[in-house]
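Right after this note come the structures.
Each of the next two complexes has subunit A plus one more chain, namely subunit B in the first and subunit C in the second.
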Partner chain A sequence: MKYYLRFLWIAFFCGAICILGFAVKNDGFFASDVICLFGMDEIGYFTQYLPQITYWFFPLLFFQAFFGSYIYRHFCTASIYFFSRYTKRTRWLFKEILRLFLFCCLYLFVMLISGLVVCSLVSKVKIDASIWKMFCYYMVIYSLYLFVVTLGINLLSIVFNSNIGFIVVEGINLFFIAAFAIAGNLFAPEGVILEQYEWIIKINPFYYLIFSMRNSNNDYLISMLLFMGIAALLLWCSFFVVNKHNFIESNQETGGM
Partner chain B sequence: MLNLVVSHVSKQLKGKTILSDVNLDLKSGNVYGFVGENGSGKTMLFRAISGLMDVSEGEIILNGKILHKDMKVLPNLGIIIENAGLYPELTGLENLKLLAKLNHKISEPEIRETIKRVGLDPEDRRTFRKYSLGMKQRIVFAQAIMEKPDILLLDEPTNALDEKGVNAIREIIKEEKQRGALILIASHNKEDIQMLSDEIYYVKNGMVRRWEETVCS
Partner chain C sequence: MFINSVRMQLSGILRKKTVIVTFFVVLAFVMINFYTNMINNRDIQYISQMHDPIKLLTLSDWSVSGYFLMQFFPILVVFPTACTYLTDKETKVKIYIESKTGKEYYWYAKLVVVFITTFLVFTVPFFIEIVLEGICFDLRSAGDPSCFQYIQTIENENRNLLFQLFINHKVLYACVMTFFFGIVSGILAMFNFAIVTFSFFRFKIFTFFPIYVLFYLISFLEKILNLDYTINYFFILRIFNIKEKNYIVYAIFLAVLLIVSFFLVRIKIKRDDLI
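Presenting the complex of A and B:
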């Protein structure tokens, strides 16, 4: 646990770095604006936004890379010694998944706090009425997204190996990001996506992360429900995979004998 | 008194037979040695007996209880599998504490005592990753014996050990036998097997035969 808590320093650092450019450029802003920035509020569906998408995506990628083996590590070298002692795999997995989700929340929370701290040091931050609402939306949507991707990496790593787990999940992730970024160039000649092509962007999960695309409370609710649905599906798969796993090979990925 | 029966156990994996109609009748207080070449099926046999791997056919029965039906893995089991290490980012003591916490059978002083028993220092702050091969083997052996298991499955327990280490492990195995544990050892080292075992089995192409039978035939 201590080993993973160290990673919160990265969250603090990423939060501070990400917000610094915005904080220096602006003189006084609302706290909810800072939260919206972390929710990629300045992003649109054109390729010109790719550098910004990359900029905001990197802190999330760090987490996914680091915690991509959080559950899987128990299936590496020490798995034989761990699971020959502990037979209640469902119970164990439930606890590990809960911890992983808490880490997701903690990581985003630290990132947000460090961003707010940097903003208040560089400029004036006003606390506005919508801060709590935006805070809740950000925490729920992004922690679910982070959880889904990280659990996906862990799950595929258990079934195949960590390389396949990371490459496949991040490959899908990057495909959706690229599809989102290119959508405007292809289907929005006037700057807004043509009605007949709206479905193309609406089937892209990445679209549901972008706060600039969320116009009402209902939109935020749809985002939450989508990621909750994917998380529920992955949870079901996780319990199935972990309970059926046979310890046939000695996995030496993380330092065997 | 434990009675472990392996009855007509076979295992197929990706179309290949790994274990073929294995039959064993094993009793506590005895050491059973398994010899055979690399890839002969010794490790797979141990994985199957432990319950960590399903079998395709047959049953493994401990005192009338069937593995995978009445229990998921063998209870109170100590196991070493060749090439399977511990958590690389933790020290030896931290590794053993983490594993001991799963069943809460032993206290920290007992863990420390076990580490000393295998010739290591519980205060060593080096992580498992930085241990030498011999030290890794010793600490893995320590995790197997620390909870005074009823059944010990030891796959190549003296691998990578120097003469002093080999002798220490042999002595501990004798003490565990005296305590009444049922011990299975797989080793390339025939001297280990001959010195420690009450019965010796020969494993070849997934088939297990009594050593005397293979010598006579």
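Presenting the complex of A and C:
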């Protein structure tokens, strides 16, 4: 636990660093605008936005890499001793998953706070009416996204190893980002995606993370429901993976070193 | 001894699953691009209507497959060699080679092997593509995918590295740019290897992202420095990209990475115990 708490410093630095490029504004900021910036509000579906997408995506990737072995580490060394004494694996898994989700929320919260602090040091930040709404949307959507990806890495790591877990999940993640960023170049000759190709962008989960693509409360709700659905599916899978895991070949990471 | 150590490690690493998988992944991107080019040019009757085959290569800025490849580049470039050190430790191969060739030779040979492996993985598929494009398409066709006039495209792309070579001998230009791409990939992999030998990288998962962190820091610099040239790998490594570039800065950056890698390995040699 203590080992993982140190990664919150990374969230703090990432939040501060990410916002630095945008923090100077003569007429100041609304606090909800800062949250929207973290929600990739200035992103479109054209390749010229790719560097910006990568820029905002990196802090999330750090979390996924650091916590990609959060549950899996228990299966690396001494798992046979641990699980032979603690037989209620489902209960144990539920606790671990809950902690992982709390870390997701905490990481995003620290990142937001550091971003807001840096913004208020450089420019004037005004608290507006929609801050709580945007805060809730950001926290729910992004924490669920982080949770889904990180749990996915952990599960695949348990089944195969951390190499495959990370590469497969991040590969899918990066594919969705790349597919989102090129959609406009291929299917939007006049700046707006053609109606017959809208489905291509709508089946992309990354699209549901971008706040600039969310126009109404309903859109935000759809994003939340989508990530909740994926999270529920992964939770269901995780119980099977952990309960059926064979501990005799448990150390896939370092061979007992 | 050094050559022995290199040979020993190279024969081991080239058989690794990660190297073979990465090679075939890069080859798959290349083949998808080649297949797309074949489909697109299937119904064209005249050479004058065809796009320049060199501008349709995977490394070209016009290739959709190349665009996806570049998105995966920070992971793919480290994937073949990121875990070699941890695996050597795990299988005790490290002790075996060190006892045969000496500690210094093990580490320096490892750096060279990482470079050679990554260089091969990131050049051979592209060379295959150049040969295939040369066989299947007519190299006299000079159409630009942007559909602008030839003279206008030459003007736009003239600022790119060695562009004079492209005008005089485009196949050689493609080969040289592929060669450079391999060298850059090799240096990035060496840097990644040098970093991951430190004890912070206790899980294999951590070994994949030093290059990511490096690119993140670079993208952050781009944000705050307001440079008049791009420092994003996505635009630098793709040929025919028309963004403003500063090749001296990139060369210095690569030289620094190389020096830092050697420096880190030097530290590791001093600290490392055989037992």
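Please note the rule applied: the second predicted complex is superposed on the first by the 249 of 257 C-alpha atoms of A that agree within 3 Å, B and C clash if a C-alpha of one lies under 4 Å from a C-alpha of the other, contacts with A are read in each partner's own complex, and residues count from 1 in each chain.
Here is the rule we go by: a residue touches a chain if its C-beta (ideal position, glycine included) is under 8 Å from a C-beta of that chain, and two chains touch if they have at least 3 such contacts.
Remember, it's a predicted structure, so these values are computed and weren't measured experimentally.
After lining up the shared chain so the two structures overlap, which partner does A:S84 touch, if you call subunit B first and subunit C second: first, second, both or neither?
A:S84 sits against subunit B, while subunit C stays out of touch.
Under the stated touch criterion, which partner chain does A:Y3 make contact with: subunit B (first), subunit C (second), both, or neither?
Touch status of A:Y3: first partner only.
Is subunit A touched at more residues by subunit B or by subunit C?
C
Under the stated touch criterion, which partner chain does A:I153 make contact with: subunit B (first), subunit C (second), both, or neither?
A:I153: touches subunit C, not subunit B.
For A:I177, select first, second, both or neither according to whether it touches subunit B, subunit C, the two together, or no partner.
The second partner, subunit C, only.
With the two structures laid over each other on chain A, which partner does A:R73 touch: subunit B (first), subunit C (second), both, or neither?
both
Considering only touches as defined above, state whether A:Y55 meets subunit B (first), subunit C (second), both or neither.
A:Y55 sits against subunit C, while subunit B stays out of touch.
What is the shared patch of subunit A, the residues that subunit B and subunit C both contact?
The answer is residues 73, 254-255, 257 of subunit A.
Along subunit A, where are the residues that touch subunit B in the complex?
By the definition above, subunit A touches subunit B via 3, 73, 77-87, 246-248, 250, 252, 254-257.
Which residues of subunit A touch subunit C in the complex?
For subunit A paired with subunit C, touching residues are 17, 20-21, 47, 50-51, 54-55, 58, 61-62, 65-66, 68-69, 73, 76, 153, 157, 161-163, 165-167, 170-171, 174-175, 177-178, 182, 186, 253-255, 257.
Using the touch definition from the top, list the residues of subunit B that touch subunit A in their complex.
These residues of subunit B touch subunit A: 13, 44, 47, 50-54, 71-74, 77, 79, 81-89, 95, 99, 102-103, 128-129, 133, 136-137, 140, 143-144, 159-160.
Show me the residue ranges of subunit C that touch subunit A in the complex, using the header's touch definition.
18, 64, 67-68, 71-72, 75, 79, 83, 86, 89-91, 202-206, 208-209, 212-213, 215-216, 219-220, 222-224, 232, 234
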